[in-house]
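Here the chain labels run A, B, C and D in written order, and each chain numbers its own residues starting at 1.
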Amino acid sequence: MVGEERVARYGMVIDLDRCNGCGACMTACAVENNIPPAQPRVNERTGLTSMRVHRASNHRGFPDHEEVFIPISCQHCGEHTPCMSVCPQNAVDVNPLTGVVSQIPARCLGCRYCMAACPVHARYFNWFDPEWPEGMERTLNPDVSVRMRGVVEKCNFCHSRYQAAKAKAAAAGSREIDPADYVPACVEACPSGAIVFGDLSDPESDVALAAKSSDAFRLLESLGTDPKVYYLSEREWVRRLGGADVTRDSLEVHRG
Amino acid sequence: MIPRNYLVFALGMAAALAGGWLAFPRALYRTVEQPLQFSHAVHVGESVGMACQDCHSLAEDGRFSGLPKIDLCAPCHTDPMGDSENEKKLVESYVIPNVEIPWLVYARQPENAYFAHAPHLVLAELTCEQCHGPHGETDTLRPLEQNRITGYSRDIWGRSLTRVRNAEGEGMKMSDCSSCHRDRRVRESCLTCHK
Amino acid sequence: MKTNVTRRDMLTLGGGVAVGSMLTPAPWLLLDDLAIWTQNWKWIPVPPKGVRTSQKTVCSLCPAGCAVEAGCVGGIPVALRAAADGAPLCSLGMTGHHLAWHPARLTAPVRVAASGGEARLTAVPREAIVREVADAMRSQGRGTIAVLDFRPGRGVSWAWRNLLAGFEGAAVIPAPGSPGSGLRAMRGFAPDTQGEWVPDLDHATAILSFGAPLADGWGGARTRARLMDGTGLRLIQVEPARSSTAALATRWIPARPGSEGAVALGVASALASADPQIASRCEEILPLLERLTPERAAEIAGIPAESIFEAAQMLLDHPRSLAVPGESFAGGRFDPTTELAILSLNVILGRIGAEGGIVTRAPLADPVDGAHLAPMRELDETPDASIGVLIVDASAGEEPLPWPSVARKLAPRALAVALSPFAAGSSLHAGRVISVPAYLEAIHEVPRACDVAMAALSISRPLLAARVGSADPASVVREIAASAGVELEGDWSSTEELIALRTAQIHRSGVGRLEGGEAGSPDELRDAMLEGARWTTEPVYHQIRMSISTEMAHRLATIEGTRREDLVVVPRTSPDAAWSAVLSPLFTKLHQESGLRREGGVAVVNPATAREKRLRPGQKAVIRTAQGRVVARVEVDHAVMPDVIELTVGPTPLALGQSRNRVISNSLDVCGSSGTGWRCTPAAIEEA
Amino acid sequence: MDKTLILRGVRRCSTGRFLAWLTPWTLLLAVGLFALGLCLVRGLNQTNMDNRFAFGLWIFLDLAIIALGAGAFFTGFLLYILRKDDLRAVINSAVVIGFICYSGAVLVLMVDVGQPLRAWFTFWHPNTHSMLTEVTFCITVYLTVLAIEYAPILLRNRQLRKVPSFLVFEGELHKVMPVFAAVGAFLSFFHQGSLGGLYGVLQGRPFAFREGFAIWPTTFFLFILSALATGPAFVLVSTWIVSKVSRKQLVKPHVFSLLAKISGWLLIVYVGLKSVDTLVWLNRTAPQSGANPVQFYAWQPFATWLLFVEIVLLGLLPALIFLSAKRRQSMKWLITGSLLACGGVVVNRFVMTIQTLSLPTLAFEPFMLYWPSWQEVATFLAVVAYGVILYSLSFRYLTLFPQERELQRGGGAS
């Protein structure tokens, strides 16, 4: 059985020159994954955004000022995944068949050690009980369970969609999913087609080819955690934003 | 002669053991009657000759229909075929007003668990009985035993409180799933069964 | 054995119990079950269970009318995505199915009493409101009758015009804010043209855009796509901010807000001196153009003159080029003179009626032919204090609109009634609100806005049962008519029937075609459209020679006097927030839970301006204009042009638990002055 | 009743005064327990922690008091294993303090996690790679050991002694106490270390990440050493405070100087190694992970001064004080030194927890600070109050300082 199952490395490439920061990926993510809306007291630091679009700029004066929008979700690190090794009770693992890093709310005890470990702050804690306006809970996505207060959550490449694709394939007697059936919500929603998603281990796939581009870079690559989310930009200053050598200067960036 | 305090100690222990083994299990589960009685035996038997799949079907897209909706019963039961009280109730209080029957599901998995029938039926070629037992031959629907604290059906935990003497296909806890997966050398990870 | 029980006995017994219970399942099961209990807390919502079905409809939240595929469970949409071939939905579209349950949703007609920033709502029977309106219409005592229509071109819009037909001075006013509401200034050149003047962007190879948000969908998906691919389309964007369109443009000209007219004339001047044939087309303004040289214009706009020459050159080089004024999402359209200046570029280039130029597009067939209709009138053509009865039709959505610009037109004792699903936006300003179905709760008509050359119509099919207490807009028109004793034309009583009549008319007219569908009979056409098929027409090309009249020359001459304001306020909002008075609570992800979007009421200024005005980030500041004052939170951003205040405009999502009756204070209200739109307003700012 | 519980031959203040002393602490405890309740019932939104500051005041102070509580096991280790019999004078007090520190820390941890009722998952589904698993196991086991070490002290109470079986039990316990001391010491070495490991292993945080030996980053060993070094110092301080509060001499002066001497030697070693580690980290480890070490200290308020304070002012200085035989004779110097040393370990834990989280990792993220909410502060104060109350009771009714009786001078408050 093991033999038959193909091993994939799902990942994405995000073209920062195409992203115009409309935030459709964030909304799509929230809708797909039953992420509750904010309580009044919630702010930028306590929000729940498995996909979050950050703003950065070349911090030069008008009109030379340029902005770049950087969508950041879990980077699904492949090598000694920081969050996985620290979780005391195996609520985090890396799926050997997909390379997707999981976060199981039912197992999580909310110690938040994984959040301290995550270099890109892509993990979010449920500070509040999830709550929707009366009646709106009927619009929740049946394929995703709602997280309770006191646990950590993060992007899992819309795994429920992968499951659906698997089930569809299985019903047809196959173990291979049709790539067209598995597209994460953020990828599907991006109006500029800035996000390419697919199996990095398939050298022919668009995502694998894009990842090989000379404009491709990853966030904090030097930490050696082998993220599976790549970014593209023709602008040198943008590519430099991915580095770990945080300079005071680069932090003068205005954040919206 | 045994010292008094030993006796007292033993007494306390005995009481605790009795409570823990006999009273507690009864206290832990509440039993809820099904809204309606239904005989799988009759429907599967010669007279009707249905198969599991006729009511619990697997769709094109791999989604499992679960329990049949009322419109599946309606065609045959527009008005009572026999003289059973239950059928009368079915027709009068469900079919005619076209209301869904609020069945209680024995094998309902928790919200955080993901289970797809498709791979188990088609790829692994499991039979219904292997997990659901001889449910298809039952003549009545037993009441649902529901855990007062968790709300789970007793079937998830299994009959035996210690889970040592669980029969084949009894118990639907994570450990049961993964032990079967281990036997069949299925490579699994958290997200295989959790959503 | 003694029988009196000592304290020590109790202890020993307790010990026994303790040890004993450890040997039973009880403590361990309790431990386990308690943990499982935390995984299934009663107060955590459980998503709906059941078979998943897929329904087709069309998004009616904005004029783009995207085809939608809705995944439903138990008949309720749980996921909206673009239909197979369509472009992805925007944030507003994706969360459209939440709006029916929005905290501000109205489930009964109400009377609104504003008190201290809060609006108190009291339910009233619809009949009462209808009678009130009807009486006021009959007596005519208060002034003229008007309908402010946020989505002109629908069957219901026609019904309003039909209702008002008999009344002296009555008119239907298209809401001036709505992006793509037509190149009205063209009417100056050809007053008696049928249909609307529109830019043929899809066939243009070079565009000189004055702030048209092409990258955000204005001008249609095709233009957007061409812009994204960066092939085959040259774009020069004249805009004060480096918007996403400016970022994609071949060249961005950061002209000061308010100087666009001057830039246009500067380009014209460059063109005229470059090509005598062009000069011949603008004799009337040649003297003006000699004075308003590219250099002079550049000076007014605060840009290098080269960019003006470059723009002129591009227009000359490309046979299929045009200059287009685009609405900003919060700021609406340019004032008529600026629009005239921009459009005259096309006139003098001879691009009117040409492919890839400015063309007319066939009007959509009305539900009933040759009915008596009240005229359409622009808001700023309406005399102040003249409207006695105002009906605000926000039943299909509404755009940001500074209410003072409407209030100014109202007579002292005027009666204002709104049709809206929500207690938000303009409905809170009108004294009475008739609750109508929200998106997906009723059938809606989506006529394509006038930013593309192809007229189009699609129909949004309801997926949800309408809430009790919400009335079908068309039947409200009927009720008013009946109560006011007006005879309406055509045999219809509901929006659905109006649409049926209209599709039949369209089918009869034979003009246009059905995208993604075939239709033999009128019914087939309607059914196909209910399934998401869209009916479109092709643009009409026949070149017209036009020239600039003396009267226009006089108006254009005023541009020469454009003076450089020390500080102007420019309203901003995000494209998807510009179409609805309310947003799904999930928009908190963008506005509250991340730094991506600013909420409404934030004044963003350049660091230089901040220094000059002694403003610190985060502090509150008062912005004063001719319209009034507003308090806003200051933010500092290099992206903003010096001496410009970018004022963010609502709606911002109601965080959970916030009062649903709160009047979302609309910072837009300080923008604009009579007649000239509210894109750019002279202002003063100081710390509060 | 109260009097009959007090050991014969020692003077204790009147019941009234004792209650008067307890009252404010009890109130504090009550307030704290209320705040704690809020956090449990309403959730952690009652705190000011956020997604960046996933750890806050609580984790910082837990690490600090656990380090200070190290006095318990280390004194035990010196006494039972290395046979430093002079320390018998403070061992009981040290054990009680250790017990208080650890039980308090565990209590706070239970509030700090989002789902306390699932805490036992760590034992049922442990991830053996996680430092936190190591911590959880060691601390729970060691807390039990401390309880067992506490038992004989408790059982030697005047009334409890009357129960023959207790007396027997206590005697037996006493025989095996060295074993527990050994076990305790072993466990403590481990979890003190793994607490350091918690941060040292954070590959995603160049500021905290350290290379190491086998699976253990250098912070593992540095935490052990710093805890060992400050443990005795804290015993010293606490004993001194108690004798001030109770206005009694409780141990002979040479015990103090012995503690100081031990602390001194360990401190000097620690400071040495810590300096080496810092240099290696700044010049090799951090650059290797692509970070720019200079930037770690480019941020106010946590600039280089903090590094200086931690290593020189609160490390080297007390070490030198302790190592000079002359200074050791003066109580003033001893206390100053001890306070400095304890401060050093606290600052070190602060740097590892709070500063690590406040520094950005992504070039476009801001430097952040956070202030604890009153609920966080109150909850922690509850633990302090609990400690004071438990210690006061122990001091009043149990024998924490065997030498007290012989040193008996005029009575006073307790």
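Just so we're on the same page, a contact is a pair of C-beta atoms (placed from the backbone, for glycine too) under 8 Å apart; a residue touches a chain by one contact, two chains touch by 3 or more.
Just so it is clear, the model here is predicted, and its values are computed rather than measured.
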A-B or C-D - the one linked by more C-beta pairs in contact: A-B
Where subunit C and subunit D are represented by their mean Cα positions, the distance between them in whole Å: 62
Cα-centroid distance, subunit A relative to subunit B, in whole angstrom: 37
Separation of subunit A from subunit C, taking each centre as the mean of its C-alpha atoms, in whole Å: 31
Centre distance in Å when subunit B and subunit C are each reduced to the mean of their C-alpha atoms: 53
Touching two or more other chains - residues of subunit D: 115, 118, 121
Overlap residues in subunit A, where contacts from two or more other chains coincide: 39, 46-47, 54-55, 90, 105-107, 129, 143-146, 150, 255
Per-residue multi-chain contacts in subunit C, two or more chains: 34, 37-39, 46-47, 49, 52
Every chain pair in contact, whichever chains are involved: A-B, A-C, A-D, B-C, C-D
Interface residues, subunit D side, partner subunit A - complex: 43-45, 49-55, 112-116, 118-119, 121-122, 124-127, 129-133, 136, 198, 201-206, 288-292, 295, 298-299, 356-357, 359-368
Residue ranges of subunit C in contact with subunit D within the complex: 31, 34-35, 37-38
Residue ranges of subunit A in contact with subunit C within the complex: 18, 20-24, 26-28, 30-32, 34-35, 37-40, 42-44, 46-49, 52-55, 57, 59-63, 65-67, 69, 105-106, 129-146, 148, 150, 188-193, 254-256
Subunit C partner contacts - residues on subunit B that touch it in the complex: 4-5, 8-17, 19-21, 24-25, 28, 59, 63, 65-66, 69, 110-112, 147, 149-152, 161-162
Subunit B-touching residues of subunit C, taken from the complex the two chains share: 1, 8-9, 12-21, 23-27, 29-30, 33-34, 36-37, 39-40, 46-47, 49, 51-52
